[in-house]
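Consider the two complexes below, in which subunit A is the common component and subunit B and subunit C are the respective partners.
Up next, the complex of A and B:
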């Protein structure tokens, strides 16, 4: 679109004053949602923000580094249960969140090792195996899953008599902004560039001096760190953990969110997360219709806009930049 | 020793079903490089069609072929209505995989709407409680039927791909699409046929699985992932690999469940697959097409 002349320009979120103003206005409007929106929107909003963190993580792995993983639910479970057990042991929220992310990241680093030899669908199956194994461990080892009753997690206590839903919404929104900003910085730094090089041609990337081992392991570690944080936030939000929430279907949902939102695009991940949360929410009255509409939406998006919602967003912006000329 | 033989036999029967699912997946992956996530749900749909026809009093020899046909028609329609337009728009391979995922969701919703989410039992002439004792092992009627059906389907598929003109066209298309097109092979029809045949294979697997598991809209989810794992184990573009992978997976799972831990039998099977893939990254019999830099 634009000619980027310096590293600082590459890191900018918006290039023109108008764009910057709109961006700030939009973010302020979202931050002020508790004061102008309906109360039930807060719950969906919090869900979208926490889901977006996981989808960004998955997009870093699938979209940027080109490593297909069907084991995201495993990282999600590791993050959620680490967080849950730490909270029960009395750890404060930020510490538990960080450790949950690190635990999932470490698991991701280990799962990354098969990726050094496997590609495409073969890697997908290896990661699917990881997801299944984690699920079966949590479903069968009662010491980890808390048995039949599940694992209860204490609610957050908002400071200064604030409404809890508002507090949770604002906290999750702030965390979402933090992780999104980090992701933008990652993808426009050398880390993101090694990921893209690795995706486009691993042999060529290696010839250009990219350390493939390090790049692949890093991609898995970062992505699963994000997913672990998502799991922890989800655990906190639901206040209750059961292994059933972490089956294969959950990994596939991530996948759908990434593709529908737009591969290799951070803002696309956010759109994808909103799609994956809000479409079922909007049609929640017709239970059988949810998968049909979800599936039909996927077909429509994929056939008419292969780049996903991020592609549609880009085209809209381009249209209005030239308006009324075209 | 008797236990070992019994576990192996049970594993072979389960593995032959995995092989049937894997054959369908491989057939599509070979021709279109697309992992078909709707495979399980198309099979569920076909099985429910068979269920409806069978319970409304039609004889089995009419309802089974009709169910296979229903599955095949749906797959061909999907190919022309969704996959071809998406390819024209330049969808990536990942995008095409997601399309099949969308199709899977549509099927799931439709099946729940049409037949309800309650598990029902499938009326099937072969029973799994009628057993014979052969030497030290027990063999159920259903296990024999399953093995025979899988063997027959593999044989037919082998004859189709190796001995007929259509099979030659299919192999040419999977080898190099553009070259096949240039040589006058109607690749689109060939691919559509591959989709139809794969869906029919899936329905066969579904019909033989339904008496073992209860019939509900999600009963193919687990077998479908097992079939996928079997296909990968054998090598995703090798049809014999799918059969070998399915049987190996079934036997290993059954032995692991019998001797080690029942709850972890699928995890143990996946551990084996990852171990095999680390030694042979393209599966036991697979040979991926090499890419050039």
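Up next, the complex of A and C:
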């Protein structure tokens, strides 16, 4: 019997004991991956965790607030290069990470201004322009991009003689958990409610007292903060920055991850990140076919499961809620 | 002019290019009143609402609410002053639950801290949940509390919109055709709620309605608009006997 005894109890995360137990078990298994998985999985795992942070950010903007942006690679680049230059200047990892997020967040806040006037496809084109402009700047201004050689970033030094791959995996997993938890908290609070209101009916939201300007700028700022952190983690992971990593294709990949994972869903973003990282990994020598697969995946998802992998996951859970079907 | 009313509209004119949607409309509403605005299609009723709530910028004229001008304020600032509205064609947040729709109505009264949201401190949520539950109880929405609005029946959606407007704690409630599209039984229920709202939430009501039976039962005073101009104003009986009103609705004999 599922009895909720107070409003506060109803607002708890993973309220039911069974769900909480399964969640903890699953997370422990993932945290223990270095001790049971193949060594090569660590690299893919770290990539998924850092990518998931960016996809969550993108999903907050597109899925929750309904502001379509094709300029995510621009925020990614701002986060990555801010981080890179700070690291080269000798800033410690956590500080550089935070500043990278804030720099991208500030850029997002600025880019948000056109969104006050533009909607749907028009906003998409404006943000696409921003993404392209940032790419061009980093590709051509050598003082920013480090020229032909790119920007080298010193590796993290694991404490106490720990294996570096294991250390990076665990660190990225912890950061992923932090940012995911905050995302869950945000979307279930007044912030998420305001974003969804903005998406479902901006006129009604305004009539209910929501300041549209502030809400939209907040959506852009939070989203690009996440994307900036993603960029920083990517820069640290690759150990080397080149502008090529931030072209328009990268923005589109984010989009694929959000759609395939499931719009307006935090867990969907994680599924989408896993899809966008792990599926191309299976292609090996046939990487040219990845965009084809991505395009096809979007079509299939749009037609058969508009809520993406998160929708499929939700339906599975609803199905087993009736278990043992007597 | 007698003492200032809660809402005073004077010489309100709204032009879209060559079309005059409102041509010098005047209207005064005293606190605690229920006033009906009627008129044929396209007579400017909704335009009047949109001007008062800040969605449209009137070409000229004045709108004063509790002695202060509402002109030039954005819709959210108007709502903050204590004017809430419902929409003719329902503008609900279809993918939110009924409860979340009402909670959004509490937006203005919420202490909105980003830290509290990120750290899952939910004191404010619980506090406002209690206010929303009062409205849910008042409008008999308990059964739909956690339902997605999109999956609720039309009659229920109308009720949710009324509840959401009440959640903003308005002084003046603008209802745009609150009973249109409802069954006879639902019309009676909604009429009852609109009547009750005055006593229970202390709001003044201005309603646009096509259903003259409902409008004349609820409103103590009626304003008739036709082609963007005020035709007449008075008690429901006076208004319905007015030859201009009969002409506007039925045409010349």
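To be clear about the criterion, the second predicted complex is superposed on the first by the 309 of 326 C-alpha atoms of A that agree within 3 Å, B and C clash if a C-alpha of one lies under 4 Å from a C-alpha of the other, contacts with A are read in each partner's own complex, and residues count from 1 in each chain.
Throughout what follows, a residue touches a chain if its C-beta (ideal position, glycine included) is under 8 Å from a C-beta of that chain, and two chains touch if they have at least 3 such contacts.
Note that the structure is a prediction, hence the values are computed from the model and not measured.
Per the definitions stated earlier, placing subunit B and subunit C onto a shared subunit A by superposition produces no clash, and the two fit side by side.
When the two complexes are overlaid on their common chain A, residue A:303 makes contact with subunit B while staying clear of subunit C.
Contacts of A:201 after superposition: both subunit B and subunit C are touched.
In the superposition on chain A, contact of A:185 is made with subunit C only, not with subunit B. In the superposed pair of complexes, A:263 makes contact with subunit B only, with no contact to subunit C. Shared-chain residue A:140: touches subunit B; no touch with subunit C. Contact with subunit C, but none with subunit B, is seen for A:210 once the two complexes are overlaid on the shared chain. Taking subunit A as the reference, the larger set of touched residues comes from B, when subunit B and subunit C are compared.
Of the two partner chains placed around the shared chain by superposition, neither subunit B nor subunit C is touched by A:154. Once both structures are fitted onto chain A, a short way to say it is that subunit B and subunit C open up an angle of 80° at subunit A, using Cα centres and rounding to the nearest 10.
Applying the stated contact rule after C-alpha superposition, one finds that A:4 touches neither subunit B nor subunit C. The gap separating subunit B from subunit C in the superposed three-chain model is 5 Å, by closest C-alpha atoms. Under the contact criterion defined above, the residues of subunit A that touch both subunit B in one complex and subunit C in the other are 201, 203-204, 207.
On the side of subunit B, the complex with subunit A involves touching residues 29, 35, 37, 82, 85-86, 89-92, 94-96, 98-99, 101-110, 112-113, 221, 225, 228-229, 232, 236, 263-264, 266-267, 270-271, 273-274, 277-278, 281-283, 288, 293.
Considering their complex, residues 53, 55, 74-76, 79-80, 84-85, 87, 91-96, 100, 103-105, 107-108, 110, 112, 114, 116-120, 122, 124-126, 129-130, 164, 168 of subunit C touch subunit A. Residues 6-8, 11, 13, 182, 185-186, 188-191, 193-194, 196-197, 199-201, 203-212, 218, 264 of subunit A touch subunit C in their complex. Interface residues of subunit A facing subunit B in the complex, by the touch rule stated above, are 62, 68, 114, 117-119, 121-122, 124-126, 128-130, 132-133, 136-137, 139-140, 201, 203-204, 207, 248, 252, 255-256, 259-260, 263, 287-299, 302-304, 306.
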